[in-house]
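Structure in structure tokens, see below.
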Amino acid sequence: MASANYETLGLSSDQVLSMYESMLLARKIDERMWLLNRAGRIPFVVSCQGQEAAQVGAAMALNTEEDYLLPYYRDVGLVLHFGMTAQELMMQGFARADDPNSGGRQMPGHFGQKKNRIVTGSSPVTTQLPHAAGIALAAKMEKKNFVTLVSFGEGSASQGDFHEAANFAGVHNLPVIFFCENNKYAISVPMEKQSGSEHISERAAGYGMPGVTVDGNNPLAVYEAVKKAADRCRNGEGPTLIETLSYRQTPHSSDDDDSSYRTKEEVEEAKQNDSIHTFSAYLRECGVLTETKEKELQEKIKGIVDDATETAESAPYADPETTLNYVYAPKGGDL
Amino acid sequence: MASANYETLGLSSDQVLSMYESMLLARKIDERMWLLNRAGRIPFVVSCQGQEAAQVGAAMALNTEEDYLLPYYRDVGLVLHFGMTAQELMMQGFARADDPNSGGRQMPGHFGQKKNRIVTGSSPVTTQLPHAAGIALAAKMEKKNFVTLVSFGEGSASQGDFHEAANFAGVHNLPVIFFCENNKYAISVPMEKQSGSEHISERAAGYGMPGVTVDGNNPLAVYEAVKKAADRCRNGEGPTLIETLSYRQTPHSSDDDDSSYRTKEEVEEAKQNDSIHTFSAYLRECGVLTETKEKELQEKIKGIVDDATETAESAPYADPETTLNYVYAPKGGDL
Amino acid sequence: MAVINYIEAVNSALREEMAQDEKVFVLGEDVGAKGGVFRATEGLYEEFGESRVLDTPLAESAIAGVGIGAAMYGMKPVAEMQFADFIMPAVNQIISEAAKIRYRSNNDWTCPMTIRAPYGGGVHGALYHSQSVESLFAHVPGLKIVMPSTPYDVKGLLKAAIRDEDPVLFFEHKRAYRLVKGEVPEEEYVLPIGKADVKKEGTDVTVISYGLCLHFAMQAAERLEEEGISTHILDLRTVYPLDQEAVIQAASKTGKVLLVTEDNKEGSLMGEAAAIIGEYCLFDLDAPIQRLAGPDTPAMPFAPTMEKYFMMNPEKIEKAIRDLAEF
Amino acid sequence: MAVINYIEAVNSALREEMAQDEKVFVLGEDVGAKGGVFRATEGLYEEFGESRVLDTPLAESAIAGVGIGAAMYGMKPVAEMQFADFIMPAVNQIISEAAKIRYRSNNDWTCPMTIRAPYGGGVHGALYHSQSVESLFAHVPGLKIVMPSTPYDVKGLLKAAIRDEDPVLFFEHKRAYRLVKGEVPEEEYVLPIGKADVKKEGTDVTVISYGLCLHFAMQAAERLEEEGISTHILDLRTVYPLDQEAVIQAASKTGKVLLVTEDNKEGSLMGEAAAIIGEYCLFDLDAPIQRLAGPDTPAMPFAPTMEKYFMMNPEKIEKAIRDLAEF
């Protein structure tokens, strides 16, 4: 895979190993969710599978202690890196009261955790882009040096909010990264029916910002692009639009049957470039990963996912009456 | 002005003269509206002044017998060419029952006249762009060969509907022309605060269509660009985004005072390029227009505007109770 | 008569209207090869082809706006919003444009368009796949809003909506899609938009409702029948403009009125029904006008405990009817 | 106490809150050098600079959405929609986002944002510069909607809105801007959101209203006083969530209720007021609940004949009060 050596990018072997670990953890959590769903133990799952490299590559290029993240529903890899735990993710999967994202109020994939600067998201796609511009505007007004990264699918880039947010960021030269995870489908709609242009990144020029398309199966290429964009942000050079190319390996969600609109062969072929395998191979090639280490890692992660599942499944739901809480500020509000 | 000779564009001397006449008529109607407004005889005016060349150049490149037009509120030059009369425009200015646009229901500048395929418009900017895509889609579905032109200001290009409509047209390769009249201001907001890019036309690539910027003070340059775009439409080659550069010579509307946000000097300087004068000079240079002819023209137009004003002013308002009409289909509807 | 379910009635109305009128076409997200995320448009792509069953980009304002343009030209577009919750980006096109085209052009231009959207909860859809959005539009002159409860009404009213000369919002309860079955004639029929329907005659308490709640009310009424409480049930079917006369008749009949909606209570369209009753039936009333609705929280949560707490059900209605009967 | 007009109260509240709290900033179209198309933000650009008085691109969804992002970060944005009619493109951001942020995050994130917009007619604004848009939002839990009638209320409530921990829609009647004057104290004060206010005590007929109509009602009441008809007038001030208790008290006091709004009749928020009265005051009523409102047409036309026909005025209210008094 990666032609660039990780060292030339300024990454240590520990760092690339931790990237791999995050990718693997994301994948394993996701796979477990599907098992739980198919066994009738959780009602819904929406996947990161195929996009872990893009997500972890991006996260690695950010400062997870101060930057702001506005993820979309597939971003297990991003939120893990920003501090959400496997157990917390499982709490969300099981819709338990202890889910830090929403206390079981939202569907899985609707991330939000203030202490980690993961900004609460909703289901209507693309609404988070103007929010990201707003947070970046606040950074500029308050003279703070953090970066805001907002992610979304290529289908979501068709919404008016994409345009309005990108243009706002362009006009005000805001420190924000628009991170488009192009996985070739929006549910059943392929890129050709989604976009008049071949690449989403071609839209950047219309807002006066650089636009780049990178291989989303290569975490190092993504890291490099996001690092550069983040540096631009911190140097006051304004926003960047980054598009990562990968493939959605699962159906859209546990409610979708993808056989009506794409062939098994197409899916299988795309899986040849599965970043989990190609990055693992690359790390072995570089001597960062060994068979033993990989085995250890797999076991460690299995343990984490098992524990998380168990703890979450046995945790309680929120009390029915709590449905009424937090419509407005609990007290001190005027109502 | 115009370096290109009109003949190389395939235009006859009669045609360029009629272009000039339309420009002049538009200007004179507009000037009269301001006089009437300042005299308290009509409540509101919004101007075409400075954009006549762009409007008439575009109209000349279309087939006014079959093409569809979705104008915005400054497009006096476009609607005149598509068949709306000075008297009809005055009926609108005076909000009379015989206003063909809305029977006095809408403010001036909200054009619509089905028999001339001028599609009814509203005040919220940019909503007409998806409509234009819809009409172009109908043309494609019905295998009709007409072109749809939709116009809007550069400020209006910031709306989400611009993006969604352009992308829809790009994906479906629709026979529609997006015609942006960039007059440098959106009320008080200058282009630098409006757009992240220098030109609106730079956005075209993001939708897979050609984008061009032309001198909006040169009706021949605009004619050429729109002609090419219309040919593309008729040849099944899809949409084009055209941006014309001109300057809004009046305040935004009769309700605006532009002295708070731009200098008199700036306005005066821009008026040096007033297309009415430069095109007149060009036509004289070419020998198409003479001083006598110009005088005749001015008088003829004054007569038209006088008559139109008089007829409109003495026409009645709609009856109060007609307020209730046409919420739904008059009969046969289910309610 | 064949027994079909609610979503089959949607599908069948679409198919018949498309077969009958070439100007009718369908557009929306995933309505093509996939046949819609709920399969409402199943088979249409195969039968009528890509050009009449359009998969659009993910952009609701364009779905509505392109539909409006096509309708102004003379087509009969049927747009799908994948979930009613996602109609929000299209509000400007629907309220500023579709609703006002005839009026603002003094009857010169028209917008004969239908917008379908699945609404409602009880499907583990959480905040953004469960909402009732009718009150967002049920005050916009120029629009008609249809919310049928039975397959028979779905089919007859969707056909009427498609043929209507003005824009119609057609909201389908997504929980009803496969839950609710009913008889539908083989022969062609169309039902009038704007007319409510008495779904059950009764003498003690009047329930006015629509959509899925109508069925909950029917179930509650059935149980109460055994206790000797007789319930009169009016199905609004068209929720805007309301069928005033039918509301007045139904309320006056028993003098005890329960208005039931799955929507949040404050500001739901049941307020309008209450206002009509308070204006026209005041002296016929034997009990305060009661409204039974969802709590005033933004929408129903995902966790089953909270979803159940929010959702309407036959038990809640049964209790409210009994309380009124005993008043 | 100084007498100022309605828009000066807006301006002064903004200035004071900006001076007092650095997190407060203003954004919108033409709010900067121009000072707003109605001059609501006049002088703020000069006083607080470009970075706190932001001229945005012409994109309402971004104005709302960027404000929401900044509010989630901890700023106190005050967004202006140039006309309430143009809030439509921002509906998704307001309803799906601002209103639900606290709820969906289980109180982790909040959205302390104010959105101001001039609404209402009588200014030759025609269909798209005259609308009342409150009923679009007056059923959305998580939002608060303030619609003050006097400069005193404007100033005290706008300051409260800016300080509120949750999103507040603040609708200002544009005809009132320069027409309505009133006393405002020099000292700082803040009024409670959520509380209606009795603007006139009376015994024969109760009028419940808000905004510009409140003044028309006051004028009507004054004239009727001479005929010996005593009118009780409640100003809702916050139209969502409604101050139920105040509505119940006001309605019960006279037993004859007139609900007045400039909005279209069907589906206006007066339906909610009627429903509250129909539920809680039924046996105190001496006359049917009456609503006086605009006709159910899309909006008011431009031509003066038709605008006048549509608009509320003191005469229409006077007649309705007299009819009720005589009932």
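We just call them A, B, C and D in the order they show up, numbering each chain from 1.
Simple rule for what comes next: a residue touches a chain if its C-beta (ideal position, glycine included) is under 8 Å from a C-beta of that chain, and two chains touch if they have at least 3 such contacts.
Because the structure is a prediction, the values reported are computed rather than measured.
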Query raised in the report: With respect to inter-chain C-beta contacts, which pair, B-D or B-C, contains the greater number?
Result: B-C
Query - Farthest-lying chain, centroid of Cα atoms versus that of chain C - result: B
Query raised in the report: chain C to chain D: how many Å between their CA centres?
Result: 30
Requested in this report: Mind checking the centre-to-centre distance between chain A and chain B? Centres are C-alpha means, answer in whole Å.
Outcome: 45
Query raised in the report: From the C-alpha centre of chain B to that of chain D, how far is it in Å?
Result: 36
Query raised in the report: Just curious, how far off is chain C from chain B if you go by their C-alpha centres, in Å?
Result: 41
Report summary line: Contacts with two or more other chains occur in chain B at residues 102-103, 105-106, 110, 122, 124, 158-161, 164, 167, 171, 193-195, 327
**Report entry** Multi-partner residues of chain D (each touching 2 or more other chains)
**Finding:** 56-57, 59, 61-62, 85, 88-89, 92, 96, 100, 103-104, 127-128, 141-142, 241, 296-298
Query raised in the report: In their shared complex, at which residues does chain D touch chain A?
Result: 25, 51-52, 56-57, 59, 61-62, 64-75, 77, 89, 92-93, 96-97, 100-110, 141-142, 144, 160, 164-166, 192-195, 241
Report task. Name, in rising order, each residue of chain A that touches chain B in their complex. Result -> 158-164, 166-167, 169-171, 192-198, 202-209
Query - Complex contact set, residues of chain A against chain C - result: 43-44, 95-97, 102-107, 110, 122-125, 155-156, 158-161, 186-189, 193-195, 255-256, 260-261, 317-324, 327
Query raised in the report: What does chain A use to touch chain D in their complex?
Result: 68, 99-103, 105-106, 110, 112-114, 119-120, 122, 124, 127, 129-141, 160-161, 164-165, 167-168, 171, 325-330, 332-335
Report summary line: Per the touch rule above, chain C residues touching chain D in the complex are 61, 85, 88-89, 91-92, 95-96, 99-100, 103-104, 127-128, 135-136, 138-142, 240-242, 259, 263-264, 266-272, 274-275, 277-280, 282, 285, 287-291, 296-299
